[in-house]
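This report refers to the structure that appears directly beneath it.
Going by the order they are written in, the chains are A, B, C and D; count residues from 1 in each one.
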Amino acid sequence: MNMTQTVMVLLRRELMLAMRRRGDVLTVLFFFVIVASLFPLGVGPDPKLLRLMGGGVVWVSALLAAMLSLGRMFASDYADGTLEQLILTPTPPVVWITGKMLAHWLVSGVPLILVAPVLGVQFGLSNEALGVLVFSLLLGTPVLSLIGAIGAALTLGLRGGGVLVSLLVLPLYIPVLIFGAGAVDGAMSGLGAEAHLSLLGGILILAFMLTPWAVSAALRISIE
Amino acid sequence: MINRFNKYKYSSPATFYGLAGRLIPWFYGAAALFCMAGLYIGLVLAPTDFQQSEAYRIIFIHVPAAWMSMFIYVVMAFWAALGLAFNTRMSFMMASALAPTGAMLTFVSLWTGALWGKPTWGAWWVWDARLTSELILFFLYLGFMALQAAIDDPRRADRAGALIALVGVVNVPIIYFSVRWWNTLHQGASVSMTKAPSMASIMLVGMLVMALAAWMYTIAAALSRARCIILERERNAQWVAQMLEAEA
Amino acid sequence: MLEGKDLACVRGERTLFNHLNFSLQEGELLLVQGANGSGKTSLLRLVCGLMAPEFGEVLWRGEKIGAVRESYHAEMAYFGHAPAVKEDLSAFENLDFACRLAGIPVSRDEVKGALGHLGLGHCLNLPAKSLSQGQRRRVALSRLLLAKARLWILDEPLTALDQAALKLVQSLLGEHLRQGGMALLTTHQPVMIPGIAPKILDLSA
Amino acid sequence: MNWHSWSEFFYMGGYALYVWGSFGVTAILVAGEILLLRSHRQKALELALNTVKYGKVKNDENET
């Protein structure tokens, strides 16, 4: 059995589980929408100001929503013993960990990307900026799942794990936030978004190569 | 019986405990001497800066604290890596012992940065690349300590902390680069603290001496904290009993 | 085949066991005994590779388990405290995914057969959350039949089972051992398998 | 020597609040850390003494 097959089986299982617990997925999505909608209420309805803030607000909301969903990544598998069984399969851990992270992104990252344009319109972003927003989220949200997995793995089974994970993970999200929101900014101001997007892509590649190993180590530490 | 768990004699907690106990007073002494010398140079000998008048004297604290805060994080990650690679308990203990001092110095550099910023830039806080990075570093320290505090099992706490320290140290350059990028893009305050005053050589000497004091202090504090951690963890070991009986 | 050499395990500040040796050959059963907190579960987790020993090593076919991880895990099945059964999946889906992830493709009939063997033939499509605790544990045990592993490492496999299931599991164990399998298990109940005298490893000693 | 009198030194050219605020808070923090370390050491010693006198505390029944 090769590795893509393992990843595919895992993906099918995770998606099936997510389908049977649709409520969890929708909660994260609503959280995303609500947080982004709070900002205009907080800073006032001035369209110029909102246009300026739009990209950043959507990105910050995405960061918080992604973090909120991290708890689900390994916690239930840890509680019911599935995680032990996964570790004891002949497949190298990085393989199924990659599958897990991919599943997490599909379940909690992709819905955010789909809803983001609506939020962008609320903030009055231009069409070009909306496109860049979606593209930057497409490159950036996988990084959130990848880096977040480290925090989720390290805090398995700890009391107050949810708050702790935010303290561990949010500082590490900062580069993604800067380049993601910067890309939208660049598109709005006409400076161009290419540089930001390519840096975001670079971060994605780096995270994709390194984080599975870190998560594998973290899970071993937590499960011992 | 415990002895067979120690692969390396000099990394054994018992050896370390005694050695550190003998070294600590010397490091505290050196720290006090350097600190007095540094303060004398910085506060008394160094001339008034023609641009910033006396406010610049804050850099004698600020810059060494900032240097040290970054350096301690790297050293912490080094011990963490050593611990994960060779499974030496002392390395993990050193990493945990360094963190609170590192966090304290990071806070000092933020605090003094704010107090320097008010008269110089007219604002307590400016989103300058250095200050922002320092703030993020502070969060990284807090994350490390919070994670270790949340885990009861010392073995897991050691390893989990070590891993997050390593992840952090890989990220620090990326974070620093991204924050600088963001800063230049938004044309924020780009005045940097170190190049602002036209550095007279006496100022540089003062800063270096203060940095040495910070070094010595950090070593002393970390060693004594490591001793406390050893005592807590090894209180069931034979050598602790022998040592306490010998002292009593 | 399976050997533990000079093993030591430290949890927190306590040394659970030290200088522990054991070996297990084909067709043999090793019962791990000891009071609560004597490290039975830790020993099992250490043997299957979930935990690293503080000292000593575990050998499989004469090699360190860390060095032959893949082939070792392919030949070993672990049954822990938690049954690894997902509440939201049916009994069939649970077993199907578990086997596929372990690299053993199984057909629906095989799964049905294994569940039937443990008296759960009627539960094939029921979601696991509608099963009782004992039934869930039996679903997890039927994974052992499908995995066709040589070495079974079972942590308290007999708890939460009724009399009939107890007998069934013991007869499964007997069959497994007679076919040249090996088993390492902890239990509070007495284990009676005709024709097999278990080796005993007492951690309290 | 840069100063003519103590009052001038303390006045710091009008920046006394900032300069002494920095040095003072740093001194307080360092002193605080040293005090904390001392009490930490005291507690660790008491803990160790208690363990040596009354033997290992065996109260954890977690098996994992």
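A few notes on this one:
The working rule: a contact is a pair of C-beta atoms (placed from the backbone, for glycine too) under 8 Å apart; a residue touches a chain by one contact, two chains touch by 3 or more.
These figures come from a predicted structure and were not determined experimentally.
Taking the mean Cα position of each chain as its centre, D sits at the greatest distance from chain A.
Just to note, of B-C and A-B, the chains joined by more C-beta pairs in contact are A-B. Here the spacing of chain B and chain C, counted between their Cα centres, is 48 Å. Computed from the mean C-alpha positions, the centre of chain A lies at a distance of 32 Å from the centre of chain B. Once the centre of each chain is set as its mean CA position, chain A and chain C turn out to be 36 Å apart.
Centre to centre, using the average C-alpha position, chain B and chain D are separated by 14 Å. Within chain D, contacts with two or more other chains are made by residues 56. Each of the following residues of chain B touches two or more other chains: 155, 235-236.
Touching of two or more other chains is recorded for residues 11-14, 45, 81 of chain C. Per the touch definition, chain A reaches chain B in the complex via residues 150, 154-155, 158-161, 164, 167-168, 170-172, 174-175, 178-179, 182, 185, 199, 203, 210, 214, 217-218, 221-222, 224. In the complex of the two chains, the chain D residues touching chain B come out as 1-3, 9, 12-15, 17-19, 21-23, 25-26, 29-30, 33-34, 37, 40-41, 43-45, 47-49, 51-52, 56.
Those residues of chain A that touch chain C in the complex are listed here as 1, 6, 9-10, 12-13, 16-17, 20-21, 76, 79-82, 84-92, 96, 223-224. Residues 1, 4-5, 152-155, 233, 235-236 of chain B are the ones touching chain C in the complex.
Put simply, chain B touches chain A in their complex at residues 84, 136, 139-140, 142-143, 146-147, 150-151, 155-156, 159-160, 163-164, 166-168, 170-171, 174-175, 177-179, 181-182, 185.
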